Amino acid sequence: MPEKNYSEINPAWEGRKPVIVGFLCNWCSYRAADLAGTSRFGYPATLRDIRIMCTGRLDPTFVIKALREGADGVLVMGCHPHQCHYDEGNYKAMRRMALLRRTLAQLGVHPDRVQLGWASAAQGALFTETVTAMTERIAELGPLEWRDTIEDIAPRTPSPEIEEVAHGK
Amino acid sequence: MTEEKVGVYVCHCGHNIAGTVDVEDVAEWAAGMPNVAISRDYKFMCSSLGQELVEEDVKEYGLTRIVVAACSPHMHEPTFRRACERAGLNPYLFEMANIREHASWVHTDDINAATEKAKAIVGGSIRRVMELEPLEPFIAEINEPTLVVGGGIAGINTALEIANAGHPVYMVEREPSIGGHMAQLDKTFPTLDCSACILTPKMFDVGNHPNITLMTYSEVEQVDGYVGNFTVRVRKKARKIITDLCTGCGDCWSRCPAKVVDDVYEAGLGYRTAIYRPFPQAVPKYPVIDVDTCIYYEKGTCKACQKFCPTDAIDFDQEDEIVVLNVGNIVLATGYKLFDARKVPQYGYGRLANVFTSMEFERMVNASGPTGGKVLLRDGVTEPQTVGIIHCVGSRDRSYNQYCSNTCCMAALKFAHLVKERTGAEIYNFYIDIRTPSKNYEEFYHRILEEGAHLIRGRAAEVTDAARLPGEEGKLIIQAEDTLIGKQRRIPVDMVVLMAAMEPYDDAVEVSHRFGIGCSEAGFFTEKHPKLDPVATMTDGVFIAGACAGPKDIPESVEQGAAAAARVLTLIGQGEIEIEPIRATIDEDRCSGCRICNNLCPYSAIEFVEDLGVSRVNPALCKGCGTCVAACPSQVIEGQHFTFDSIMAQIEGVLYDRMEDTERVTYLGSQPAEAK
Amino acid sequence: MSPANDHYAYYPGCSIRSTSKAYEQSTMKVVESLGMTFQEVEDWNCCGATEYFSINSLPAYSLVARNLSLAAEQGASDLVAPCSACFLNLHKTDKYMGKYKDLNEDVNQALAAGNLGYEPGSLQIRHLLDVIVEDIGFDTIAEKTEKPLWGLRVAPYYGCLIVRPDSKYNPEYPTHLDELLRVLGATVVDFPLKTHCCGGHMTQISDETAYELIRRLLHNADEYQADAIATICPMCQMNLDVFQPQVNRMFKTDFDIPILYFTQLMGLAFGISEKELGFGSEVVSANAALKKIADEAPEKAKKARRDKKALPMPESLP
Amino acid sequence: MASNGKPKLALYWASSCGGCEIAVLALHEKILEVADAFDIVFWPCAMDFKEEDIKAMDDGSIDVCLFNGAIRNDDNEHMAHLLRQKSKVMVAFGSCAMEGCMPGLANFTDREQMMNFIYHDSPTTDNPESIEPQVITEVAEGELRLPAFWNTVRTLDQVVPVEYYLPGCPPEAKWIEVAVGAILSGELPPPGSVIGADVTVCDECPRTKSEKKITRFYRPQEIIPDPDICLLEQGIFCAGIATRGGCGALCPQVNMGCRGCYGPNEGVIDGGARLIGAIGSVIEGRTAEDIDAVLDTLPDPAGYFYRFSLPHSLLRRVHLVNDNGRNVAQPIKEVPRLDPSLNE
């Protein structure tokens, strides 16, 4: 898939493209991604995936960490309900993701930036569609750039006369 | 950490990776990453030369961690782990970066994007590999005895194979006799040999085998432990019979005044007494008293059976008995139940007298069944002149079960033959598709066609007694679209047989939880791999065979029974098993005993140690899914090989180009607790 | 359960104000005695029946949507229609507007011309039978039943319109009207043709076709010795009632089965007078049937001694 | 060390409620020992010292500075730098200095929205002339100055390096004693340490804990809790599972769920994330709709999870979006729901 010019969708992308960190479970969705590869299904080069054994392993810290360190979105994919290799890990992921997305929304992270989905090992095409659709959505939403938010302590009225004191002892 | 030396190997995979990813650029870039001592690109890393390259570098440069950027870990992780092992490096200090399936093959038309992504993947792996720890596999010893749950044809076969190989087997069966559904059948397709004739000898063998301990009228209540070492609690329900005294003479049930419909063995088409032996060839031969229908338990008097028992074998006060077994392996062969055809009201079962289920019909054509093998209407007298057989009742139907029930086409064709043979009636089979994919099945289908059965390709819309046309009065009318001629047809018949689907038992989901295995939403047990590992489950040491894993006919169930036995025998032969060390561990000193994690484990591997007030993971039960690790609110559960730090480092690694200049996250309490 | 009084908007439809006044009369009586309040949609218009949709669908949908818009404006959460055809059209319009963006836009554009608009999904469109069965429940109905319909054999006739695929009841063989009539004390007969066609508008186009369809229904009810057929739709009632003499003439039969609205039967059981329930307006008189209602519950047919030869019959689903 | 041989102690109060100052007094008679043992060189709350006195000191001449309060404005930041320069050991004293605490809740909004509410929109405000505090105000007597308000609340260690942390809102007296004792004995833990327990509040909580399944949450006014059973099991939000112990589980013992003031447990990077992982693990529901129905009974999850720790969490504050040159806080108002397609 030729690289899109994302700044046409949202000018804020000027100079870069969306970055999505993926957490894929070892048994279903990671294999779906493998199948997308062996089937040569193209999808945008926005996803950088990390393999975990089960979506049940997904510590919410990982999602927050990825957003904090510059990801524009996080995609978590596991096995379909009733197909979890570990019985019910995907249900646990679903509950945690529901709570995480609610919390992150309050912190200004659009829920579409943190998505949960399922793909069985046979659903390479579904995996491809999911990544493509999420990329398009992130492209619309624009860059997240959490670094800018953190660095902005924004003294609206600077007070230059207060003398600067050096750090340290 | 500074003395760690990482070796990075970027594979060309011929043109597969190098055609889309600038592998030299990736290797050069990786060389600049912290701790990377060697970074190379190579044509085929998985070749013996590629593997040797790693081994030599480990020895020559003292590499302590290895990253191979090539294909999926599902492809070659074991290959390179072995290479590390040969080089004297712990295999768990190796990490595979998947830049083929996840990069070069999916971004074929954009070399820049693919290369950038490959760097991210490799960057994540380099950061991750630095956090990995050496691990050693666990060794579990295998107890010799095996538990087989379910005494149908699949379970019987498993038990006999293992017992014949000289190993002890416990067989637990819920009903008073083994035999399962096969014992109810008259003839078996496609050979039409007598079901009882081929089954009875096997049942006898199970009952008399020196290596088999048979527990009928019993159920498994609890399973603890892990592969090689399961502890199983079995409830032997009170038969109310002292089996040591009983000779199986039959004086008791012939005197019993309570007659009830037998919903199990006779599928509701016949009667049994309150004290009963399900069928003459039952194994074991002892009867059982059904306390729900026994007059003595209801009214306090009767005891006819006791009065007539020549050996004083009746004990009305007998109680359930709990037996605890220690076994190394478990085979589940718990079978299926028939779909309740009353759920399809338009077919009239339960409303229209002469609508029968397939299992009722099996009993009807069975020589030892309620009609002595005669095909009769519900009045028990009249022979039908026309019989309609409706396929796919409760299967291939989104309203009930979407799956194909596998065996019903052949059973329906067998019925067509039996009706013809016994009555000369006209037969109409209504089918969606005829599925006859096994040996000699298609031939059987043609034989039935030649015998003159009418096969109408069309799903029956309804069965009604509302006559409309001449000749319909007093008949059941099957309305269906004959899709081969494109016409609606109304076929008046005397008898309708519904080919009800095979379904999991109502408690199948509960049973799957009890044994710690997965099952589909419907309740069919899930195999480890549907193609390559069909009788194993995700739980080591627990195997499945027969229709409990999906609709199957007799040959398939027998095959699976034998296959499960072979898997068990392999483990018994090995005597011990290596278990991957990807496990969760709890730092008990720091566990606060909040018990959040306690009921999360699908394998019940977490136990709460009451007197210490901490939770503990049994490493032999743990499968390493990590769900408790993510749940622990005080972060004192660690998931080996997928540790918190390794994944956090990998996140930073994959965001290598986004993290520049970002202030590193500081966190409180960066010192280990002991230091204070 | 006692329903909230103010959340039902009521869409009467044209039949109920002309050919089937007994339906509305009895409905209102029953609704009142159940403590429910129906708020009529003000200035409602035709539901489009069936023809308009076949001729020009956009105006047809817009016509229906106007009713939805008015009902929603009244602040209702549920819109109740006693007529099955009205129910289907209202339900269909709401559903398709929700499903098809283009249709939704077009219809709303049309509505906007009259300063109206409708957000699909904002109303629950329900048939009267569904409201009574679901919201009131059998327990309350049993409590309300003062004069059970003991001894009256009734064939429950659902017609074809409320069992379309979206139905929450079994579309092949629904049983909720059966259960309701049973609670009222009636003897409900098996009625295999309970969802078959009543002939609909074929009576106006091809009486031969229509009469045959009607004959089948009457014949089937007669076979099961029904004293009356209970209907839930003005069209069904009219076809089976008004054309019964013609059917008798054409097929040389002598059917004499009154076709009654289920609300009339409910009213009777609740102790409301026949007059208030609109009895007497039917073509085939209900008098003979009503006389069959006994003061005592019919004796449960003694379990016939088991015929030694007969095979046991499976019990029906609970 | 002062000429009298006593170590020099400074106590300072940045953006905080003053509770930490009171907590020092909660040492009761031991306060006399502190006064004996230390030479208190700066304590604006209790003694008359001026900033100029500090400026006059040599760099590093203060042995220990107990700094409480978050960094909210330029004056807070200035004093943090100044005291850091003059002190050998800097202690983030109390939850505000350590992780932001209540002042840190301002990070759910931004400076402008907060000012608007406080000075204009709040129902109790009577401000007909629409006066807002200004950094510089010219009056006849000259120029008046107020500290400049930052958009974001930060913790002490986000402004200057910090040696030790003393958690709590406010810190419990016994941990202040531990800290003081360590300073006096010279047996200091390694820099970066938190003076507190390394297990969670659950460890200290006397309630009976069993396996948890939450079918709905209750707010305190909706339920009378069983006094002996774990509050979380009763559906009452309790942060004790993920909160560093040391307080003695005071709140749960009076039927109130732990608020989380001691911050996340040892080694935890983001306490809110741990709570999401844990609470999300024990709620019921196997379908999108059922899960959402349970969560609907827990309004304001971010408020529960980051009540004390938002400025020190990974994300630190609500996302800021550039709006015509101004950085505006933009939380998402709509509650995200799970897609029903996840049920299949």
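Chains: A, B, C and D, in written order; residue numbering restarts at 1 for each.
The rule is short, and it goes like this: contacts are C-beta pairs under 8 Å (C-beta built on N, C-alpha and C of every residue); 3 or more make two chains touch, one makes a residue touch a chain.
Please read these numbers as outputs of a predicted model, since none were measured by experiment.
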| item | value |
| --- | --- |
| Labels of chains that are neighbours to chain A and to chain C | B |
| Furthest chain, CA centroid comparison against chain D | C |
| Pair joined by more contacting C-beta pairs (A-B or B-C) | A-B |
| Geometric centre distance via CA averages, chain B-chain A, whole Å | 35 |
| Separation of mean Cα positions, chain C and chain B [Å, integer] | 47 |
| Distance from chain D to chain C - Cα centre to Cα centre, in angstrom | 65 |
| Approximate Å spacing (C-alpha centroids) for the pair chain B, chain D | 52 |
| Multi-partner residues of chain B (each touching 2 or more other chains) | 600, 627, 630-631, 648, 665 |
| Sites on chain D at which at least two other chains make contact | 269, 274, 277, 280-281, 314 |
| For chain A, residues contacting two or more additional chains | 59-61, 65, 68, 81, 92, 96, 150 |
| Topology of the chain contact graph, where touching chains are joined (line, ring, star, complete, other) | other |
| Touching chain combinations (by label order) | A-B, A-D, B-C, B-D |
| Touch list for chain B against partner chain A, complex | 72-74, 98, 100-103, 105-110, 112-114, 116-117, 120-121, 124, 516-521, 526, 538, 582, 600, 602, 623-627, 629-631, 639, 642, 644, 647-648, 650-652, 654-655, 658-659, 661-663, 665 |
| For the chain A and chain B complex, residues of the former touching the latter | 1-3, 17, 19, 21, 30-31, 33-34, 36-38, 40-43, 45, 48-54, 56-62, 65-66, 68-71, 81-89, 92, 96, 128, 147, 150 |
| In the complex, chain B residues that touch chain C | 261, 268-271, 340, 342-346, 348-351, 353, 364, 370-371, 376, 378-381, 462, 464-468 |
| Chain D partner contacts - residues on chain A that touch it in the complex | 59-61, 63-65, 67-68, 80-81, 91-92, 94-111, 116-118, 144, 146, 148-150, 152-159, 162-169 |
| Residue ranges of chain C in contact with chain B within the complex | 170, 172-173, 175, 190, 192-193, 216, 219-220, 223, 307, 309-317 |
